[in-house]
Amino acid sequence: MARTLPALGVGVVVVLAGVALATMRVNPYLYFAGYVILQYVVIATAWNILGGYGGYVNFGTPAFFALGAYTAVFLIRSIKAPLPVLIVAGGLVAALLGLGIGYLTLRLRGTFFSIATLALSVVLQTMIINWEYVGGSRGISVIRPSGPPFGNYVVFLFTVMLGLAVVAVLVARFIERSWIGRGLAALRDNEEAAECMGVPTLRLKLFATTISGFLLGVAGAPFPYYVTFVEPNSAFALDYAVNALAMPMIGGTTSWVGPVIGAVLLGTTQQLATVTISSELNLLIVGVVLVAFVVLAPEGILGLVRRVRGRI
Amino acid sequence: MSDALLQVEGLTKRFGGFLALNQVSIAVKPGERFGLIGPNGSGKTTLINCVSGSLPVDGGHITFDGRDITALPAHRRTRLGIVRSFQIPKPFTSMSVLDNLGIPLENAAHGRGADGADAMQILEAIGLAAKAHLRPAGLTQIEMRKLELARAMAARPKLLISDEAMAGLSSAEVDDILTILFRLNAQGITIIMIEHIMRAVMRFSERIVVLDAGERIAEGTPDEIVRNPAVEKAYLGE
Amino acid sequence: MFSWDLLANAVVAGVLLGGFYAAVSLGIGLIFGLLDIANIAQPAFVILGAYAAYVMNSAYGLDPILTGIAFTPVFYVLGAVVYRIYYGSFERRGEESLRGLVFFFGILFIMEVSLSLKFGVDYRLVQAGYIGKSFELAGVGVSFRYLVPCVVGVAMTAALYLFLGRTFYGRAIMAVSQDQAALRLMGANPVQIKTIAFGVGIAAASLAGALLITIAPVIPSTDRDYIGRMFAITVLGGMGSIGGTLVAAIILGVIESLMATFFGPSWSLAVSFGILLAALAVRPAGLFGR
Amino acid sequence: MRNVDAGYGAVRVLHGVSIEVREGETVALLGTNGNGKSTLIKCIMGMVSPEAGEVFLETDGTRVDLTRRSTEEIVSLGIALVPEGRRLFPKLSVEENLLLGAYRKAARADIQTNLEFAYEAFPVLRGRRAQLAGSMSGGEQQMLAVARALMSSPRILLVDEPSVGLAPILVSRVIAKIRELKERRHLTVLMAEQNFNQATKIADRGYIIVHGKIEFEGRSTAELRENELVKKYYLGV
Amino acid sequence: MTRTRALIAVTLATLVVVAAAALVPVARAADPIKLGFGMALTGGLSANGKPALLAVEIWKDDVNKKGGLLGRPVQLIYYDDQTNPSTVPGIYTKLLDVDKVDLVISGYGTNLIAPLMPIAMERKLTVMGMFGLANNEKYQYPNYFQIQPAGPDPQTSTAIGFFELAARQNPKPQTVAIVGADAEYPQNALVGARELIKRYGLKTVYDKTYPPSTVDYTPIVRAIKATNPDIVFVASYPPDSVGMLRAAHEVGLQPKIFGGGMVGLMFTTVMTSMGSMLNGVVNYDFWAPEPPFLAIPGIKEFLKEYQARAEKAGVDPLGYYLPPYSYALVQVLGQAVEATKGLDQQKIADHIRATEFNTIVGKVKFGKNGEWAKGRTLMVQYQKISGNSIDQFRGPGKKVVLYPDEFKSGNLIYPYAAALK
């Protein structure tokens, strides 16, 4: 508890700084790029709760993200729900899916679990494609509400996403430092030993899949208002699966800082590459960085930092 | 028999076509030092896997402290007080030695949020305090065994099942572990010892049950066991 | 809309498609099923095979399948090299699972992008005498475009089956993931065995790619359509059972074909994956696991 | 094997162990579990590399150092091991297991003869050639493990704990089979075993190993049987 | 320990943001007129995005050779949108706020135009849309103009010629099968087709969709054949266009009229490899090397230049589909800038709305929702194709224009089976 309050304080300060930044309108592009990077901070952090802490690799990130986004689309279309409702609802629906895959862990471990989540993503995408109400395969245009704070909707979304990122990171940090996080680490190291030491492994796994699903859904919920056009291919893009995995790997998976570093670094690189290199080389960089990191720095940047510090 | 702390009745376990345990019954009294021996592959480890909840049983009942625990998941049994150590140490490799103890302390022992002091106390008692901040990968064999025991102790057991805690250790180290186990027993913890090192089992146990090929073949005090022809046959062969 | 004639046609088309799926999945059946290496980049190697067939076909008019066979040694070497890197970077350090997966994810990306840098993103096709021709047998139409890949796929399955069951290397490959130390006691070097197996798996991708481009146009990102199918077939077939792979591939092919004929094709893929999910939840060992 | 020290990581299991096995002998390595029998066997097979001492093979005056060789190379010299716990390939059939036994190049030519010999020596295996090894009973598995080792046409057969997990009646059958095979194939046998009475039935001589040290060397079976130390070592009396 | 870690994180993040800001080129108050856009250079639509980019580059070179616009050279600033709509908002904000472009055009395709609309509306930009279907129906934004000649009723534009031609035949075909991929464009085309079926009083006997990753199309084609339709309307993307056509030949599907909205058949690589299999297919198109189009001033020069540069750019070697329109799109914008003598977005938009432009695709006049005032989606039929040489496709006669009448260059061979002989 002694450490939670200062962390909360830091979080509030970050959000306030974001709001200040939003009112200043330094350079609108930064909000757009920043939104995407922050969205990846949420995604990477959420993935890491299950994948990094608990050791269960989820390939189905796009399914959760898209579920958040499409829940929002549905609510916008049906009842014109306000953004906070979208975020909470998107999170809850995705959390339900998370709970579902949590029960898969009863029988499936390792690669089998990952493949099952991949299959899940395909099934869900097909459902959305065939659901005309949310646009089906044609996609759907979403019109933003008028009169947002800060005069520009994306600037507003940026601050919202900043808030969500802070919440996600605080949640991840809280889990990491609570008995839950330690229990997850124990079951990642050795599930049998953890169970025998009194760790309620099933309950922890269900908790992790649910909260991870919730945060992934939360990351997807504002997406319709950001792009204003949602279609299955981009909502279920493989990029989310790759980045959700790659960012924590690059940063380091055992601590909440890792996904944040990874998301900021890789996310920024991608944003920069998009507007500078403008070709396939852009994607090539992501691939090469990924391979280089897993081969040369298996513990991620945090591991590198630790190693360097250890040496000094 | 109802005064037993742990009672196993008619326990049967199959692996495919292989009958690993056949109608095994044992009863362990509170505070007892209980030995479980048998040649390699006789089913000792399978038996304790069933008792600790790592394996589901195919038949029979397990009662602990007057309560039927046959269907309970392993972590619930641990919380009730049945704690085991593993034959091949299974430490939590990403955590320090101290944090390894934290897991059972906050999950099994009563009262969450135990601080490092409890863990440190256990480590001191077992002689691992100096290594508290190392990762398990940096431990020697004996230290690894001690960690395994220390972690089990941190779960505050009523019944400690020590599965071959001494395999591969030197004479002096075996004595070291024995001393620890005696001390725990003196504190009121019931102990089941599974061991190949006869010298240790014979010295430690008040009562011994012998398994052979998944069946219970003998029970008695160490003296009785040594003189039992069936046991000699099981060990020395015909 | 139902008719026995349609049913017969749908089943035959499904079986033919299944034969092709088997060809595509054999490599991963070997690498993932038998070696336990989650080589998620396998479909990218298949696409590489397709481009090899395309290049030889458009430049010299070579038959795609012959090209596929001719290129197997090259792919074998490529596979052996990739495995050695994988072994040196992950397996030897005992940290293969998660990071290995990410490694192959990266390889997938790199190969896909390299192909589109080299060949662009236009759909590529090949020409061969049997494309677009078909014959009819007792009211059931058979297209050569699917018959040929199916025959080749079944032949590949048979060849792999014989290789695994009848040769020393083959048997060692089947044993290597079960007990490496025991394999050493038989006098075989597990790393060498795995290198061979990985090489063979990638070599199979060369031929599978040739079949793929015979059936349908290819762009570098076509590989993504196959990731799910390949792993689904391998898991459904029971991890490393070569016969099981063929049967699972045919089941998947027939389901897709029946769905497309009778219930509306848009659900066919989802049904296949639904079956995979159900299989995983009920019987993770797959349908034909030993 | 001379003055061998060996162990795993920081733990030293063997302390200055020296043993020798002469051509045509059956030597028993006795002791209860955890005393280093298996480690010693693993040292010979190159599965554990000794920290000190030497392990060598001497035939017709040529001497081959085994300490720096890989397991595969040692197998190819004609040494076969029936490992502890049998280590069969459970998802392969009986016949596939046997054929894998003949992997070493020198044995491939004799594969038909050896297979026929195996089926003749263990008729139960012939009937179950297509069955998966993992689905057989313990006794059958042990038979298969022995047969598999013989498929490599070894000159020297190492057997590690053949009695583990077997009912007494099966143990004596396996042990008897080993003797029979040894005579028919003119093998040299080194057998690590805790079942004292069974092992001494077929051994020409033996060593007792306690806590990683050779405590007693019996130059004949009789000498071993009559020694009172045995009981002490075994039952801790 | 933890504080230090957090500190590292914050430092890193700050560094990165600063680096980002530093790397972003600072806009110089310079001479050139900057035209900005995102374009699909990778991903699903890049096969069209890249040729479109080449066409725009040719226009830029042409303009600059003549001294630029308003006496200032034209400079292109473009980024790869990866065919991913979620990159679009970021790209255009970058273009507008960091690169300070003066003019924007959209990327290629409906999905990539949609995310641009709110930005354009917010900043009151004039937007030229490149091949978007009905993008503006929801927004009704007056300063949006779209170059695909879909006309005032975009949804039915793909199919109208097809059904019109069918209706003119004698005896009039009665039954229709429609099928398409689960993707944006084919689904829109199907919606239009359904409306037209109603309008022409036809009977639907088959109406299904399939996932784009389908491998085997013969079961679908066989199911269609079982319903024995007079008309088969297919709305598909390149791989499934090829798959459907091959399957139709293998199964022997021979309705009276076959084709419709099959994207990809007009791509040169597809045409050369499909060869005579194309014969008889009636398909939508936008451009064909037939006399009515070749007669338009400027087109021959453009195609010569395009074909000369195509190989190096790694794009479609003939460029008969999208490139002329991409060029026309920037032509319109350029002419409007010249006419209004400035870069005032509103003035440019007003001018475009009011004027008829002469472009290399003919006269262009915009109407409702920024679409062409009058639709001009062609129906062509592939005829007399033999072998796989590319040269036969260069000139007239192989892709005969049947609809609309003012561009007609030949007659429909009817029924489909007759064209196969």
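By letter and in written order, the chains are A, B, C, D and E; residue numbering begins at 1 in each of them.
Just so it is clear, a residue touches a chain if its C-beta (ideal position, glycine included) is under 8 Å from a C-beta of that chain, and two chains touch if they have at least 3 such contacts.
Everything numeric in this text was worked out from a predicted model, so none of it was measured.
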item: Steps needed, at fewest, to go from chain A to chain C via touching chains; value: 1
item: For chain C and chain D, chains touching each; value: none
item: Centre-of-Cα separation between chain D and chain B, whole angstrom; value: 31
item: Interchain centroid distance [CA atoms averaged], chain A/chain B, Å; value: 43
item: Mean-CA-position distance for chain E and chain D (Å); value: 76
item: Computed distance of Cα centres, chain D from chain A, in Å; value: 56
item: Residues within chain E bordering two or more other chains; value: 42, 44, 182, 209, 211
item: Touching two or more other chains - residues of chain A; value: 126, 129-130, 279-280, 283
item: Chains grouped in pairs wherever the two touch, ordered by label; value: A-B, A-C, A-E, B-D, C-D, C-E
item: List of chain A residues in touch with chain E within their complex; value: 3, 10, 27-33, 35-36, 126, 129-130, 136-139, 141, 143-144, 152-154, 223, 226-229, 231, 233-234, 237, 239, 255, 257, 260-261, 264-265, 268, 271-272, 274-280, 282-283, 302, 305
item: Residue numbers on chain C that touch chain D, as the complex places them; value: 165, 168, 171-172, 174-175, 178-179, 181-189, 290
item: For the chain D and chain B complex, residues of the former touching the latter; value: 8-11, 13, 32-34, 134-138, 161, 163-168, 171-172, 194-199, 211, 234-237
item: Partner chain E, residues of chain C touching it in the complex; value: 1, 3, 5-6, 9-10, 13-14, 16-17, 20-21, 116, 120-127, 131-134, 141, 143-146, 215-217, 219, 221-222, 225, 253, 256-258, 260-262, 264-266, 268-269
item: Chain E residues within the chain A interface of the complex; value: 2, 5-6, 8-9, 12-13, 16-17, 19-21, 23-24, 41-42, 44, 78-80, 82, 84-91, 93-94, 96-98, 110-111, 114-115, 117-118, 122, 138-139, 181-184, 187-188, 209, 211
